[in-house]
Amino acid sequence: MTELLDVQNLRVTFPTNQGLFEAVRGVSFKLGRERLGIVGESGSGKSMTGRAILRLIRKPGAVAADHIKLDGEDLLPMTEKQMRAVRGKRISMVMQDPKFSLNPVMRVGEQIMEAYRLHSRATKSEARRRALEMLEAVSIRDPERVFRAYPHELSGGMGQRIMIAMMLIPNPELLIADEPTSALDVSVQGQVLNIMDKLVRERGMGLIFISHDLNLVAQFCDRVLIMYAGRVVETCEAGRLHEARHPYTRGLLNSMPRIDTPKDRLEVLKRDPAWREAPSVGPDESREVTA
Amino acid sequence: MSAALSFRDLKVWFGEGRDHVMAVKGATFEVARGESFGLVGESGSGKSTIMRALTGLAPDWSGEMAVDSRPVPQGPKRDAAFYKKVQMVFQDPYASLHPRHSIDQVLSETLKLHGYTDIERRIEKLLSDVGLGPAFRFRYPHQLSGGQRQRVAIARALAPEPEILLLDEPTSALDVSVQAEILNLLSDLRSEHDLTFLMVSHNLSVVAHMCSQSAVMQQGEIVELLTTEDLRRHAARHPYTQRLLRAAEGYVRDEDAAGGAEAVA
Amino acid sequence: MSVTGETPQMSWRDWLLTDTPASRRHARAASFYKGWLRFRTNSLAMVGLGILVLLLLIAAFAPWLAPHDPIAQDLGKRLLPLGTPGHLLGTDSLGRDILSRLIFGARVTLYIVVLVALVAPIVGLLMGTIAGYAGGWTDTVLMRITDIFLAFPRLVLALAFVAALGAGIENAVLAISLTAWPPYARIARAETLTIRNSDYISAVRLQGARPMRIITRHIWPLCISSLIVRVTLDMAGIILAAAGLGFLGLGAQPPMPEWGAMISDGRRFILDHWWVATMPGLAIFVVSLGFNLLGDGLRDVLDPKAEK
């Protein structure tokens, strides 16, 4: 098998005063060298799934799974030290909140260089050159100035692109991108997606693309997992997302405004408690909607 | 009808020497009272900067800005009457609430700063206006979802009963179901309180849904003014706008992607 | 959830753990209680708290706890060893009961600690946040002043102050506070720099708030937790600095029973009558340890990221 990542029965729990809160409740999926989209409403556990793969859940949260295999090697029993070697180098993650993930009192360029030099023995000038190249690659207009800027001097979308640049520099086997383009206009977004796309097609990188933009996921990804309340309620081929049958997915699709058909009010999602109880869809039933 | 907001040849810059950047290069447009006006454009093109200049958060600017035909003074200082009339909702709901203040503290501080005394009653009203139950009143931001935080931010902006609301990508960090709730909420508030909106969004569908007119920005300049009908009909003249509208139809895989990925090699 | 036959009344615990407080007081009580629950799980921190509560009780009830008058001399009974009937920890060179002196010394120690803990962090907080928020030349001037204070070794600077102000416990406290604030100013400034450009500070500026209100109402609450932790961790150092001044004869003046001064007295007999210096040394050690353990526990409680 050429599975890059194989996640079986992933659970993330947080102890609270009201008892155990399960943020992710038994998610399983396999990922080849492809683009896998994860969609779902806010709080459905998308980010927690991504972080759990990197074992980046903050205490007192806990991760459990039957296995999380990267290239056939289970990540769960690894020590913290071994995990540090995996993070960044083999799996990178673009965090959801770029401005929170950047150090507010350090220049952007230094942060990118640091991220690069952490995983390679590049010289300072080499790292600088690469950092500037990456800034240019993500369509930043004057990379020299942005290199010297502090995070608060950037626009929302620039911060996001810098996070992407930082995560792509070490050339990971797997990229987990958590809402990487939510603050970008469509044209820059297209350029950023092209970079990721090219890495998947030419370098065989695996991509987990977490997003709330269903249209984008439908067009950009190969396969989609739809999450609700910590479970996968439906999985389908991305191109067929618009034919999805689960009422939750339909609700999400219907709540988007459309440029060509004006409406007075947008539909809002009405949640059904039964969705929460339905069992998680496993990795092998993934072709469900193809029928 | 007089304009609620007018900008004439607005230039905004930051930094000096080699870090100098002209973020807005001569923007001119007007927003009529009661209108909802959209700002769209490239990331980093100066959309947020226009709002920040108006509210005094970006102090270096030239040109003319006026609120209700009253010119806005230079520098960061604005008088109390200005803040009572113009309020802003920030781009990122995760960054715009004080992490150690409960919703109650956020709203009561705002109300106190504007000199209100019937704080209890007003907090209850604001919370119900934005559709948050009284149960939320003593929660802290980390106990709220993104959409709930954005509602609090909107409630804070509504507290001084402003006439003009500046919305900087109010839904870009939210998922589609919450986006629908927030956009409906904003439409309701606008008709109830007779508000004027200036709204930034990179989602053209959202702009088309909310606004009657929009300005398209690229590299600090307004390249085109469009009505929503133009937007829907894809009737754009400027090449950047045309590119934007094409891109909005959906992502198309670029089979021989130029640039970009080479740098990654 | 509606189980019949249960008491309809909410228990105190439920009232405190609710997710939906009904009033400001309720909300505050609930968040305190949740912090306490988290603190309680750290057993070492609980030991630290226990030590400090004990110190507080000892200081409060010193006159009733002490078997003897701490300053009454009895030269006939000088340098009695440990375990002497009536003098559990022996006596010092002037025949004073060491146990009683330790008990009364707890008052002096607490006095010093409380005063320093009030003065130094507040001065540091004020300097640091103003420098960080204002930026520009205000920042430069304030931070150069801080650097000057930081450049001197702490005890030497304190010595200079005491020498200038005169010996005595109040002056010792003042001298220690004046030398202790610069690190707090540094911390507060660093925190302020990360906060001042954030959207939530911009948002209060858009409500017309003045800089001083922004600093005290919006920036301080975010700096205070790291300062509290730092202060408790520094407490041991402060007690030792006070002891050091006492030891040099520049702090508490005889016959006041201050622990550092007691070590200094006992030093002369350290070889033959080791307990005279060792007992106050142990007391300092235990209390310092108590503060350190408490500081570690508080760090866990006050870290906002740890909150759910």
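Points worth noting:
Here the chain labels run A, B and C in written order, and each chain numbers its own residues starting at 1.
Here is the rule we use: a residue touches a chain if its C-beta (ideal position, glycine included) is under 8 Å from a C-beta of that chain, and two chains touch if they have at least 3 such contacts.
Since we're looking at a predicted model, the values are computed, not measured.
Taking A-B and A-C together, the pair of chains sharing more C-beta contacts is A-B. Centroid distances built from C-alpha atoms place C farthest away from chain B. Mean C-alpha positions place chain B and chain C at a centre distance of 46 Å. As a whole-number value, the distance joining the C-alpha centres of chain A and chain B reads 26 Å. Chain A and chain C have Cα centroids lying 45 Å from one another. Counting partner chains per residue, chain B has residues 91-92, 95 touching two or more of them.
Shared interface positions of chain C, i.e. residues touching 2 or more other chains, are given as 19, 198, 308. Residues of chain C that touch chain A in their complex: 17, 19, 34, 37, 190, 193-194, 197-198, 305-306, 308.
Taken together, the chain B residues at the contact with chain A in this complex read 14-15, 18-19, 21, 40-44, 47-49, 91-92, 94-95, 145-147, 169, 172-181, 183-184, 187, 202, 204-206, 208-209, 219, 231-232, 240, 243-244, 247-248, 250-254, 257, 259-264. On the chain A side of its complex with chain C, the touching residues are 14, 16-18, 58-59, 104-105, 152. Those residues of chain A lying in contact with chain B across their complex are 40-43, 97, 99-100, 133-134, 136-138, 140-142, 144-145, 148-149, 153-158, 161, 168-169, 171, 179, 182-191, 193-195, 197-199, 202, 212-216, 219-220, 251-252, 255-260, 262-263, 265-269. Those residues of chain B that touch chain C in the complex are listed here as 55-57, 78, 80, 83, 87-88, 90-92, 95-102, 104, 109-110, 113-114, 135, 138-140, 142-143, 153, 156, 160.
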